[in-house]
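One chain, chain A, links the two complexes that follow: it is found with chain B in the first and with chain C in the second.
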Partner chain A sequence: MPFNGKSGKFNAAIRTVEIGTGDKAVKLGGENVLPFYTFDAPIENAPKIGVMITDMGLENEVAGIKDYYNGCTSFAEIAKKAEEMPGADFVVLRFEGADPNGENKSVEDCVAIAKEVGDAITAPLVIEGCKNVEKDAELFAKVAEALQGKNVLILSAREENYKGVAAAAGLAYNQKVGAESAVDINLAKQLNVLIGQLGVDQGNVVMNVGSAAAGYGFEYVVSTMDRIKAAALSQNDAQLQMPIITPVAEEAWSVKEAMASEADMPEWGSQEERGIDMEVETAAAVLASGSNAVILKHPTSVATISKLIKELV
Partner chain B sequence: MAKFVVIGERLSTTAPAINRAFTERDPEPILKRAKQQLDAGATYLDVNIGPAENDGPELMKWAVELLQGNFDNVPLALDTSNVAAIEAGISVYNRAKGKPIVNSADAAGRIEYIDLAAANDAIVIALCNGEGIAKDNDERMMYMQTMMERGMEHGMAVDEDMWFDPLFLVIKGMQDKQMQVLEFIKMISDMGMQSTGGLSNNSNGMPKHIRPIMDSAMVAMAMMNGLTSAIVNPNDLRLMETIKSCDIIKNNNLYADSYLEI
Partner chain C sequence: MTLFDRAFGGSSEMYAWAEKSVAEALEKYGADAAVSLPSTAYSLPCYYAVTGEKLTTLGEVKAALEGKIKEMMTRKERLHNVFQAGIATALAAEIIETMKYMDGAQPYEEPYVGHFTDAMIRELGVPLVTGDIPGVPVIINAAPSVEEAVALVKSYQAQGNFVTCVGGICDQLIEAGYNTGFNVRVTLMGKDITSAAHVVSIALRAALIFGNITPGDLPNLMKYTFERVFAFVNAFAPVDDLTVGCGAGAIAFGFPVISNDMESLKGMNVPKSLILQPDTEKFNPTSIEARDVKIKVTDIDIPVAFASAFEGEIIRRGDMQVEFDGSRVDCFELVQTKEASEVEDHKIEVIGPDLDEFEVGTKHSIGYIVEVAGRNMQSDFEPVFERKFHSYLNCIEGVMHTGQRDMIRVRVGKAAFEAGFRAKHIGEVLYAKIKNEFDAVVDKCQVKVITDPEKCTELRHNLAIPSFDKRDDRLRTLTDESVEVYYSCILCQAFSPSHVCVVTPERLGLCGAVSWLDAKATNELDPQGPCQVITKERVIDERTGEYEDVNEAVKMYSQGALENVSLYSIMENPMTSCGCFECICGIEPFSNGVIIANREYAGMTPLGMTFPELASMTGGGVQTPGFMGHGKHFIASKKFMKAEGGIERIVWMPKELKETVAERLNESAKELYGIENFTDMIGDETIAEDPETLLEFLTEKGHPALGMDPMM
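This part shows the complex of A and B:
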């Protein structure tokens, strides 16, 4: 009997979702193999990198980030610089300041910033909220309306506000919809089902299945992503074949390894290097677990992960 | 494990309306039943054109193109004793959504259907039967081995492309054989092989309102023992709910609150 080598290529595939318009539009997903298994079948769309900027400007950022954006005085200039960052595929605008428990910026102010950023760049744009479900629902609807025609990804609809967010972004204004669950495989699937039942084309949905910095319950993140990719590919589960995007920067830069000052922890060495290490390690790990895109902020992290992806795909 | 594969049985010449539609090449009743089955959760559709001695090849080609053209290359089981018709069906078959299934071979007069499937890179349903119904599991196993060897001789991936049918037996008349059939499913499963069969045969002759109940109980017990597929009526809601629930318990499908709706 002749030997038949078996390929690990699946009969199912992750859906391809395009964000942005024109030459710089990016495609997420599309693969029919496990992450980076290019020896089983070609991976047409390599994982992508988004560069995160926030509505809070640069004040709270580390020196390396401030240096990179040196001279930028407006959101438009910061955004422009972000899209030019070597290794960047898209820009992520995060409305940290919209949080009612923080700066509580008005929806109108946020929409103005979104428009300024949207008009300044040609790279695809992803919008992140402040995690307050009511405020985000209001904010996302207005931003989705203001950025019509730009094919942005709204990150994200959650269990508590998916009706409003998915209906505005996915149905009324024809943007892409992020479906966010916090490291809960059953909810990740359920949310996709519910968004589909609203009438949103499942080809317009990207999942954020949750993240954590490496070392902070990260095993759950990995097992969640593993199970989702297994369901999507080996069980051909249409409700889980959405590409995955993982916001890494906000998790990685908010753990003690990245935040403790050198004065407090001299034996840990440079604070900025620690932050970069956390960001790179977390991003590499979620990519290896199946993320189709990661959101980072430090230029060194973006360059490192970009090189990693280029070497592997 | 992969999800249980439901093969919809309702496109069959045994149904007078479908028989007429095949004969007259009338798409409407066929498409209607196909859609009902797919909406209810069927993965494969069985296309039983009967012996079709006169125009088998032409009829099967027509049916394959009709169904795959209208339902995004739905995968099909080609069910006829007419070898030329199966070959003709495969010649126009699109594999995008799954290999064609040859329905069916046995260990006696229809063993050559295995060769046919192997030659065409198709799946074959292999009935663990020779001449007449096997008297016990030793005999079933012997038939199974015979067919596996045949498949291997022809280079088939027997653990993927041979789906062994234990032959479900009617309870009214062969009640004492039911556990034997279930045990045989376990034997197939323990060998790492796929299985399928005409499950509703067990409830043949029972009152109409009883059959979904008996079929659901049978499918649950059979799935517990490792049955990987069945040829059933997907429009039997109770049966489909049972299959979907068993798929969750077996971790063949990831749970979500709406699992019955999808």
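This part shows the complex of A and C:
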């Protein structure tokens, strides 16, 4: 009997969410097959890559990143350069310095940086906070207001501050809302439901279901993403059909494999290469598990993952 | 005059005023002159929201007034008509206000605000949506005195409300030098009653921006403002027809009107909509209750710290200022559900001597009663709240609490006393925590702290103990058959992804921590949370407790991993376990019975497996016929493996567990089978740890399981 291939496409699909405006706007999601299963049905919107820059500038970055941005003196220049990085689809501005336990930059200063970056680039912009729930709520409301009309993605609303963040970003200023939960399908779904109840259109929500660097409890991340995609596609669970974005850079570059100096660990080889390896491995794994976008920072990682996506989709 | 007459009269008056304003403007600027309120994308926002039409020229405004607005001003004495006329009155008022802004004029000067820009609405909308601004009072006319005006505004402001003032009250606040403005959440809208239209404009634009309401979709617009914009009107006497007309509009949008005009509005009160309150000092609580505004309690007003870091703090005898000890004298703690009218929110009453009247180191009586009222409050939640008292009081720095019900002990340390901690602060803590954590069901809360020993004795015996008894009776009479629904619990799916507990009155969660009442309360308090309603309408098999609806729910909540679950069988599709079961029950083939091992038991069971070994094959959300995880309380339940014959199958339990459940188990066995002292027939580790010895013991005792059909 001849072999008859059967398509494994589903009757349900991940929602398509567009961020940014104009020619460079990107679409996340939209697929009705498992990650990279292009043999079942075409994947219209290949996974996207965001390049992360932070409000702390370049001082703490590794040599390869410093080299890439060499000559940039302002946030606007850094952002422009990030947008031009080969393989980049969008720019991510992370307000690491807003953390009250760190630099504690004022909301006004952050808004000024956001405006500078927003005005400098034409690629879509994603805003990441400092993870302090109160500060983020305040910061996101002001940034969402300042960037009206740019259709940015605010990353992200969490269980503790979702009302303020989602109301400001999703309702008052018509931006896209990121819904962040900590590696648990039920919490992810609950947050989506709650944001929906506020009145935010489900089509304006992107999930960050949590991440870890590969090797650091990463099985949880993989199984959570697997289960979310399975529920969204095979059970048509509308509350889990939001595309997933995964910030990889901050996780990958903060584990010991990426942090330990060559003096401490001569047998591990180049520190920068180790960081790139962590970033590439983590990104490849979350993409294979269902992420529709990853956030990276090193030019080599961006190029590598971009090539991977091109080969597979 | 009826209320209809007055509302229709006010609406006609407003219409005439609007006609006049428009006519004057037309004369001055002509029909083609552009019209819009400043800095808004909605032109005349109220008119746009209600009709879906954007007015752009004076000519169009005139046409709108004579067309749509006039049409709404019918005079039939029906509720619908008076609402329509009320909305038309607000639209006419908006036109009058718009005429003031013609040709770039700035009719309002500080401290008056008038029209709100779209940017202000967006900024205001976020805290409105999040509940950080719980309500929007609209105060119209002058209060009886300047002091009262200030007091009322201040009381609303202190609750975080966004206060808007129209007419005479504005002059009073200015006279008092009261600080007003957008930032302090007190705004003076304007001197004319027409400036109330700007408040309506806030509500309607919020609906357009935050509610995604299509302009012109009046039913949904009204639904949104009713459900999401917690505005209400306080109109001081005398209330004229114009205000009554506007009030009808407010009521149409779901905003109740509270007034002290006992003369002209006499007998015209409409429940929940037009409320007459002669005592203006009670405007605040009356309004908050009428509009169902949920005030957030942000600070706990006590002189010592409050944090979970203090939860484990021990107050030793030497550090103790005073002690309340329920084992020696009469003490109790109690939550009681009351009618809303019986509860004054945030009233803390101390009955009896305060802490500074007690000698250092002495023992006394205490009772505290938390009285709550709320539309969604049910007396079934009382024990759920009460169980939290322990944690609340322990979180106070320098206070220790143990026990529950009428067996409590509370110690207050010397340091806390010196910092100023007194009896009323116990009330403050309970009030703040209950209001914050249970705001979904508690609208109002008051606390009585009783230190008078005689009163404590009386209340303990006549109020507290009867309440506890009633609750226990209720628990006993709750059966799976007597309730309409069961609840799911997926609290532990984070680590056991395919496990779902079905919680019924007679089968609590296997962790032992979630009873049916707990699940019910969790569901009401956190409707999107881990406990969801499961219906039980389509029975498949009464004997095993299988229902189509339960199966569907289990399939959904396990993401398809489980398809069929029986509630009462250990052999056929038994309920799964996550891994946090208190006990495991396993089939013992020699005696046709089952053995139960609890988590604390470290020894061997007659199955040749220890608890951890049993756990390894029972947990993880998989169905293993013959093995089942469950809570301790389930053992005495009449539903315990009912399909296989019930509790008479139990042949072995660790001694300690057997003693814990003995009383209730014996009771159930007597009731079900007429067996006295059933637990004496059940083996334990002191009798047997292997099946042969166990079987000898069971035969000697004549255990009923031996004569039953084999389970396999």
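Observations on the structure shown:
By our rule, the second predicted complex is superposed on the first by the 308 of 313 C-alpha atoms of A that agree within 3 Å, B and C clash if a C-alpha of one lies under 4 Å from a C-alpha of the other, contacts with A are read in each partner's own complex, and residues count from 1 in each chain.
What we mean here is this: contacts are C-beta pairs under 8 Å (C-beta built on N, C-alpha and C of every residue); 3 or more make two chains touch, one makes a residue touch a chain.
Note that this is a predicted model, so its numbers are computed, not measured.
Aligning the shared chain A places chain B and chain C in steric conflict. In the superposed pair of complexes, A:236 makes contact with chain B only, with no contact to chain C.
When both complexes are overlaid on chain A, the residue A:190 reaches chain B and chain C alike. Judged by the touch definition given at the top, the superposed model places A:263 against neither chain B nor chain C.
Using the contact criterion defined above for the overlaid structures, shared-chain residue A:2 touches chain B, although it does not reach chain C. By the touch criterion defined above, A:163 reaches chain C but does not reach chain B. Of the two partner chains, chain B is the only one that A:11 touches; chain C does not reach it.
Of the two partner chains, both chain B and chain C are touched by A:227. Stretch 526-534 is the one of chain C that runs into chain B, the other listed stretches 76-84, 436-444 or 526-534 having no clashing C-alpha atoms. Judged by the document's definition of touching, chain A residues 185-187, 190, 193-194, 197, 227, 231, 234-235 lie at the interface with chain B and also at the interface with chain C.
Residues 141, 145, 163-164, 167-168, 171-173, 184-187, 190, 193-194, 197-199, 201, 223, 227, 230-231, 234-235 of chain A touch chain C in their complex.
Of all residues in chain B, only 2-3, 98, 152, 155, 157, 252-258, 261-262 touch chain A in the complex they form.
Remark: chain A residues 1-2, 4, 11, 185-187, 189-190, 193-194, 197, 227-228, 231, 234-240 touch chain B in the complex. Within the complex formed with chain A, the chain C residues making contact are 122-123, 125-127, 129-132, 209-212, 490, 493-494, 497, 528-530, 556, 559-560.
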